[in-house]
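Here chain A shows up in two complexes: once beside chain B, once beside chain C.
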Partner chain A sequence: MEFNSAIEGKNILKKYKNFTLDIGELKIPQGFATALIGENGAGKTTLLDILAGTNLEYKGELTFFGKYDDKDREKNPDVKNNIGYTGTGDYFFPRWTLKQVEELQELLFDGFDKNRYRELLKELAIVSGKAFEDSKKISNLSDGNKIKLMLAGVLARDTKLLLLDEPASPLDPLMRDKLCNMLRDYLAENEGEKTVVFSTHNITDMESITDYVIIVEQGRIVEQGFVEDLKEKYIVVKGEKKDESFASRIISNLSSSSYGFEGICLSEDLDKLSGLDIAVERPTLSQISVHVMKQYSALAMVDNREKTA
Partner chain B sequence: MKIMQSSGVPIYQQIADNFKGDILEGRLKQGEYLPSIRGLAKDLKISVITTLKAYEMLEQEGLVTAVQGKGYYVNAQDTQMLMEQHRRKVEEAFLNAIYSAKLAGMTREELVETLETLLRLEEM
Partner chain C sequence: MKNYIKTYNVFHGILDKLIFGFGIPVAFIVLFAIMNLKFDVGAFMVLTIFMLLAELIRDYFLFGGIYSRSRKCGALRCSYYGEKVYVGAIMQEQLRSFLHYAILMAVFAGMRTVINGYPGKRFVLVCMIYALLFYLVNAISVNILRYVTNFNIYPSIMTLLVTPGIIASVFIYILGIDKKTMNLELCMAVMIVLAIGATILTYRHAKSSYKKSLYGRDNR
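After this line comes the complex of A and B, so read on.
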């Protein structure tokens, strides 16, 4: 499917001592929610930091909204004001009070709507029904509340792009549901104009909002696409014990039990299993992600073995 | 619109079927716009891409037309022809059932009875 890109990247390279992020081509579809998925240490946070501009030590080209480069992101208020970012670390100083945090955001960004911010804080139950506790310190907030404070901050601004690093992780199930609804509201605000990018480990919780997926492993993109397309590209296969050894030639990472086997393969490979007594099913995003991640983890292990041999 | 998460029917299919019904039975009229993609995704608590896929299916079937920046509107329908197509699908499904029943050695009475039981269950 063709789409406009909110962000385009070319040859993004970032080297650390034991890790290299190497993204040949990156396209984030505008008007959709994109999930960055991958193992711990796969490079999701590094990539988001580069996109957000919190990490400027990298090589490569970036284009925002089809016309701005990464220097504009630093200098041009049109770009800066249109991007909202939340990270996983302590973004606000721990000793600051809620009041100071609010004032800072008002100063930093044009289009910060203070009333909306307070509404959001209430909605996110940081100040549950009580008066806004201006004097409360950041260090006294739970991890969940810290992320909620950041989310309220970016959602209270007039942005076109949200970059959220693991927004769902510290949240309880109710709040994750609320987060999904808030992001859907955001996407619906100006039909097709606003874009969300988030990284997540909670694929199942975030599946109902994910439109586009980028799976990152070992610093590279190993699979990407619109969720509905990926659900047609891959297929879940279940079968009888007797067919297991044959099926395992087609299906990698097949899981076996005393009753039979189950696994995921490419839909185009289904022909090769004809004649077997199998049942097929549309995969969930979670099943696809785990399948792809397993494949590349396994490949990496083989690579390492070859290197050490 | 009721969307079942685990009915086995893909969600985009359920949405498309729903609108198809609305169009064929005249609840959505020629020239009317479908809800905006992201608005519907928000209301149904599903992803944007799933809604988009449903709308694209309807477009492929010629039921709606996409207008850049405006959304999807309902086409003029040859309802007679669409109903005919639907009937043919039903007949096909019945023929399949008859064939399977023969294989299983079911009698005519048993087959009719099965259909009636199923109809009763649907009504419940």
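After this line comes the complex of A and C, so read on.
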């Protein structure tokens, strides 16, 4: 499927002592929600930090909104003003109060709408309108409320791109559903112009909002594509115990029980299983992600080494 | 008895014993002596030392850990205006700190003049030198203390940093007011140069720490 890119990247290289992020080619489709998926330490946060400009120590080329490069991002206020980023760790200093956070965001971002921000704080149940709530400290907020505060900040701005690092992790299921609705509404404004990129481990909860997926493992992109295309590319296969050993030659990471087996393989490999008594199903995004992650993750490699030994 | 000593050592580190067990009591004895011997003009020096300590404790609650690697404010770093706001806030604090000491000294000097009469030019010069000296000590101290994120060790490091300033203030008092042997004009000129130097250092440090937070290598 052809698409315009909100962000394009080439040969992005970031080296740490024990980890290297090495992305040959990156294309984030404009007008869609892209999920960055991968195990802990796969490089999702590093990639988002590089895209947001909060980590400038990397090599490679980046293009934003089809016309700005990463030098423009640092020199032209329009680029960063159009990118809303929420990160992990100390996004706001823990001793700041809600009042200070509001004033800070007015200073930091040109398109910050204070009234919209206050509405969002109420909508997200961070404040209820009682007295002295402005003096509540960040350190006294729960992890979920800290995320909601960051989201209120970025959604109260006039942006074209949201980069959200693990927005769903500390949220309760109800709030995750609300987050999906809010992101859907965000994408619907000026249809086709706004883009969301988020990293997540809560694949099932966030599937309803996900249009495009990038799976990162050990610093590399190992799979990417539109969700619907990936659901065509992979297929869930279930079969009886007697066929398990044959099926395991085609299906990697097959899970076995006393009744039979289940696994995912490429749809194009389905012909190789002809003759077996199998049932097939359309996979969920979570099943595809786990399948891909099992193939490339550091954890799977340790497991495989242990099995071989 | 051995176990009592062991138990005491478990809860009291060497820094605690040296600073709070020995250094601070001695410092207070010395201060007490000075206040008793020369309470008149020396009182404002002692009070300003307490003000310096209070200012540094205050700085922890405003900027504590702002230069440390573990305290990276994402909101500032993802904004185009992040550096401007960050450096601006630190330099505003420098200006506020200078005005704080200058006004405090002016108030003390004014009160002294009202109560006991005008004490002379040397007294006014010493007041101005003190304002600059305490600003200087404050500026140098915060540049180091803002790396500290743990309040448990903050007072120990703070005490070590302000001690030379306190000793200098005592010498300036003794030689400048008591014995009248110090060239106060020269001392004032030196203090102005040092205070300007500390301000420039703070500005450059703030800028470089912001840049380092964007470029600094994280351990992984």
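In this text, the second predicted complex is superposed on the first by the 294 of 309 C-alpha atoms of A that agree within 3 Å, B and C clash if a C-alpha of one lies under 4 Å from a C-alpha of the other, contacts with A are read in each partner's own complex, and residues count from 1 in each chain.
Basically, a contact is a pair of C-beta atoms (placed from the backbone, for glycine too) under 8 Å apart; a residue touches a chain by one contact, two chains touch by 3 or more.
Keep in mind that what you see is a predicted model, and the values were worked out from it rather than measured.
Superposition note: with chain A as the common reference, chain B and chain C can be accommodated side by side.
Of the two partner chains, neither chain B nor chain C is touched by A:G24. Judged by the touch definition given at the top, the superposed model places A:G66 against neither chain B nor chain C. More residues of chain A lie in touch with C than with the remaining chain of the pair chain B and chain C.
Contact with neither chain B nor chain C is seen for A:P173 once the two complexes are overlaid on the shared chain.
In the superposition on chain A, A:Y85 makes contact with chain C only, while chain B stays out of contact range.
Once chain A of one complex is fitted onto chain A of the other, the partner contacts of A:D185 are limited to chain B, with no touch recorded for chain C.
For the overlaid pair of complexes, the smallest distance between C-alpha atoms of chain B and those of chain C rounds to 28 Å.
When the two complexes are laid over each other on chain A, chain A has no residue in contact with both chain B and chain C. Every residue of chain A that touches chain C in the complex is listed here, in rising order: 16-19, 41, 52-57, 74, 76-77, 79-81, 83, 85-87, 89-93, 95, 101, 104-105, 107-109, 150, 153. Chain C makes touch with chain A in their complex at residues 61-62, 64, 66, 70-82, 85, 214-220. Residues of chain A touching chain B in their complex: 31-33, 180-181, 184-185, 187-188, 191-192, 207-212, 226-228, 231, 282.
Against chain A, the residues of chain B that register as touching in their complex are 10, 12, 36-39, 41-42, 45-50, 53, 71.
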